[in-house]
Amino acid sequence: MGFGYWGPNLVRNLMSHPDVQVRAICDTDVARLAHAARLYPSVHGTSDITELLCDASLDLVAVSTPVSTHYPIAKLILRAGKHVLVEKPLAQNTLEAADLLSLARVSKRMIFVDHTFVFTPGVRKVQELVSNGELGPLLYYDSTRVNLGLFQHDIDVVWDLAPHDLSILDFLLGGRLPNSVSCFGAAHYSRFADMAYLYMSYGDNFVAHINVNWISPVKIRQVLLCGTRKMIVYDENTVQEKVRVYDRGVEAKRPEDIYNRLIEYREGDMFAPRIGTGEALMAEVDDIVAALRGEKEPTVGAAAGLRIVTVLEAASESMRSNGRPIAIDPPDYR
Amino acid sequence: MGFGYWGPNLVRNLMSHPDVQVRAICDTDVARLAHAARLYPSVHGTSDITELLCDASLDLVAVSTPVSTHYPIAKLILRAGKHVLVEKPLAQNTLEAADLLSLARVSKRMIFVDHTFVFTPGVRKVQELVSNGELGPLLYYDSTRVNLGLFQHDIDVVWDLAPHDLSILDFLLGGRLPNSVSCFGAAHYSRFADMAYLYMSYGDNFVAHINVNWISPVKIRQVLLCGTRKMIVYDENTVQEKVRVYDRGVEAKRPEDIYNRLIEYREGDMFAPRIGTGEALMAEVDDIVAALRGEKEPTVGAAAGLRIVTVLEAASESMRSNGRPIAIDPPDYR
Amino acid sequence: MGFGYWGPNLVRNLMSHPDVQVRAICDTDVARLAHAARLYPSVHGTSDITELLCDASLDLVAVSTPVSTHYPIAKLILRAGKHVLVEKPLAQNTLEAADLLSLARVSKRMIFVDHTFVFTPGVRKVQELVSNGELGPLLYYDSTRVNLGLFQHDIDVVWDLAPHDLSILDFLLGGRLPNSVSCFGAAHYSRFADMAYLYMSYGDNFVAHINVNWISPVKIRQVLLCGTRKMIVYDENTVQEKVRVYDRGVEAKRPEDIYNRLIEYREGDMFAPRIGTGEALMAEVDDIVAALRGEKEPTVGAAAGLRIVTVLEAASESMRSNGRPIAIDPPDYR
Amino acid sequence: MGFGYWGPNLVRNLMSHPDVQVRAICDTDVARLAHAARLYPSVHGTSDITELLCDASLDLVAVSTPVSTHYPIAKLILRAGKHVLVEKPLAQNTLEAADLLSLARVSKRMIFVDHTFVFTPGVRKVQELVSNGELGPLLYYDSTRVNLGLFQHDIDVVWDLAPHDLSILDFLLGGRLPNSVSCFGAAHYSRFADMAYLYMSYGDNFVAHINVNWISPVKIRQVLLCGTRKMIVYDENTVQEKVRVYDRGVEAKRPEDIYNRLIEYREGDMFAPRIGTGEALMAEVDDIVAALRGEKEPTVGAAAGLRIVTVLEAASESMRSNGRPIAIDPPDYR
């Protein structure tokens, strides 16, 4: 469903996978369908979603349509007894997302949310370094994700760009949600914010900050992730050395020295592990195939999709009330 | 007064200036005084501030001591009828700063605040581009000022690093203050915040954000300053091309197109103007000498110093109340 | 002909061009043919070149096979009355290249040589700056083209990587050949040189140097092109600012000052013109189509192909004789 | 002797050393002497070298004068029974350098040559990695050392900039000389070459290439040093990560595979060891003091100085004969 900006990438990767057969492409735009037909003459094209819903041979439908349509389309697909892969974010609000989650439970179908960043070799390597304890207890996550260009027409910059960081954080923290979210944004060119800052507090020492911006002269994709033992700079925008691990930090000989500020700085070596070069979307398709076969849980399933929508919704509420911290209630997955 | 971390830079630049004579260096630490004596055998060293206060031949005393001592020391100097150059920030709070300002009025002496960044060739060039209208109306200022290391022992990261951006903003905006300030911070290693985010709203379209951090693996000194016509990346950390001007932006053919999101992106040339290589502190000494001679107003005088303390104080209040926006009342300069 | 490393790129761009029809793909490797059939089920696949030669409907055959086979295959194609696009370099030596050139003359068919770099937006912009005189008289061209990896199995690093620079130089200088070529190379892993340095002298002040290397830890694609008025850094490896123009140079007030070394350095602004983002190979296909229609001369035809082989042959001779400069006799195009 | 461009750096570091006393500064230019007097009022200034020669209290004289004067001045100093530190290169030709060496032997005085780069923390780290075998057998050294500006008025770019690389190579290779040197150069603005390329062959697999240039728009100080096991990029121009060690290379399973080109590329992690931040010149002064006390041999003594002049002389001869390789006869140190 949907052969616009991102849909063709989905189709290309699904078609290349040895265990996947792409049976139909659906788009309401005739020009996009014609384009699909030129690229994939062997795949059936249609502008009628009911053709997909009624085709008993389909196991999964991928939805790459505007965010406001995710909920109604995914609902139809789940009700038709098919698994669904939904473009990020899963839905427009937590009500919709929670409803999809329970519908999936009831119909025993799976929801996959297309948070592709979680499948990049860079994020995989960062997760490995976090989970094996190399960084030590985490202190903060600080992301700058800015560029020139509005890629979405029905959502603001927070709902467009922040899902990348929220899904990475969700993956790194094992699904742990922040205690509260604050968000400031400014809208210069339309009623939708084109730049925003999210601040998240996690109750313990850990905090996260996300700087998203559609009107930046340069493209920056830089994350600082610091622990007490080591610190990472993860830059998705570079070709070489996407993940750099610094043996740097702050040290105190004795706990009481902290209070006297008898602090020392440790500046050791830097290490840039080799990062694989596989395409993230192909790893995601692998993950989906394995989950459909019952070999594993989905890496980014309905619960993760709901958690991310929960934070986005709180951020929007905070932005409307001029940055007031909004407490996050853990969503009820039942 | 004070020959610790920054004092030697002040002395070196003051001594190199043809129209300045350095008569005395004062420090309460005997080891620092001995160090000064080795470097400048011809200059009188003392640990007794009253020697400076009573020396009728001194026109100006430079104060490079911990922030908590700025107010009492500057007060003594002004009362002794001397001009004073105070390390940034001017004081610990607005009460102190305002008191110094009125004391200077009464005693007809001048206060200079050592916001050195305002005198860097890079900031000068940026100010030129702003004031000649090349950027168009300003949209935002976004600064990342992070590194590993605590350089001050009696203040937090906001009072240590944010004054650089606040003084640059004050200079670029001609002394205009934000309407409100929000600030989030986290303290991982002492009771002082070691990382913080400031968000400032100016009432119109313009907003500013400052990211300051003492526990970053890498040193970043990057400012994005964007207008409707052009956008600047100012990076104090590079050797070449510190200021890059991008002919990039967002355009709508007709005002109503904005609402329909019929927006186009303009991506034109990039231009990096030649930046002078002079030392900022020497330009600052030039400025002080000219002001003392009555040839011009100080570029960063008591009023600017007070404005910056006003914002810092509001940021601290916001941080204590978990990011609540604090309204800025323009200080009363009388 | 040839669906190995580069062939698929040719096919993809040829197929996307509105005025081109791809009728057949030929490869002697069955696995490659099967791969082509999967990607392009509508295109005829064959391992028999005579099928192509006898197909009267074909106007042009593209040859993307090992260098040693360029000559015999291109000869068959020209004799069959078809135009030919040959992968770079045109042939193994000047005898072969010159023979192809005269055969093309006689049969009134065109030879295109696939020096793709000439069609990149970056090189186009550099050529524009050279030809409009902005750089002033040229002083030198200095290229570093190094990476890890041997991409060709029947030629050395000079014949693999230097054709890129030689075709750019040929394009920038309007087909002018150097007076002499010197070349040093070292072979660490086989009998073929894996690193080499070419030095070319052009009789006047202009010189060129090319550093090519298959065993470098990092990928560098950097060209310095300097004139008396301006200087260019052209870096194919960066995403933004591929072409940077520096207003820098050396100046003498009076000619005799040069001899007294009363020289001044001019360090002005830097300027990075916006570079288009089109794919080079598509621009090359455009060029081929226009030439086949008689609308223009080929940008990189047989004569350019022969000139580049002439320099490569001289470089090989110099390398064998330990760097002795080899004079270049302009090839006889008749 | 000589308080021009580099002399003040020597004086500053010599004065800061606890075991060194600077007694006199000599320069024939009255303005330079006056400048020295302002900076170091306690040090005797003179324009008469005989004052230095006759001062029995002086152990060592440092010579920072034009290259053409190194030989006569150093000779006077050695004959006066004093040790001498000579700016690089040691002399104008091997005759002069060898004569100084034998004079030092006879008079039992030491010659130090100021090849400062050998004392930088970066080169020290590279040497450590070479000598502990981490790189494996060395394949090549490839240096690009270019910028805008002529810093010397009596020598060409080879004698100005190549000594840095030649001294680094001499240090890394333990004094081993190349078998032959080839050099190409071009002179655009005076009779002295302003750009040049040196190629050195060492008889075994190892080769070195040095690209030096005074008319480059950008400053580059980059060395690739590759061994069979690991590869280094050493960039003196960066603040962080001056030395990067890449676990990359070429591998063949069996020796005969090389001939079949069954070669694989190894692309592993990158590692940037922490580099100290000490000033090179201070480490050099330490080295000189230790040698004068008999605690160690000089790191860069007369023999190293002579070897480097030997290569420079051969490079000049090669440049005059259009790049002809000039065989290096190991100098006779007796």
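Note that the chains are named A, B, C and D in the order they appear, and that numbering of residues resets to 1 at the start of each chain.
Keep in mind that, in the parts below, contacts are C-beta pairs under 8 Å (C-beta built on N, C-alpha and C of every residue); 3 or more make two chains touch, one makes a residue touch a chain.
Here the structure is a predicted model, which is why all the values come from computation and not from measurement.
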| Based on CA centres, what chain would you say lies at the far end from subunit C? | B
| said: Quick check: more C-beta contact pairs at A-B or at A-C? | reply: A-B
| field | Inter-chain centre distance, subunit A versus subunit D - centres from mean C-alpha coordinates, in Å | value | 53
| task | Using mean C-alpha positions as chain centres, tell me how far subunit A is from subunit C in Å, no decimals. | result | 42
| field | Separation of subunit A from subunit B, taking each centre as the mean of its C-alpha atoms, in whole Å | value | 39
| task | Any chance you could list the residues of subunit C touching two or more other chains? | result | 218, 240, 267
| List of subunit D residues in touch with subunit C within their complex | 139-140, 142, 144, 146, 148-150, 153, 182, 184, 186, 188-191, 195, 197, 199, 201, 205, 207, 209, 211, 213, 215-218, 224, 226, 231-233, 244, 246, 248-250, 252, 258-259, 261, 263, 265, 267, 322-325
| query | Can you list the subunit A residues touching subunit D in their complex? | reply | 240-241, 247, 267-274
| remark: Contacts from subunit A onto subunit C in the complex sit at residues 41-42, 218-219, 237, 239-240
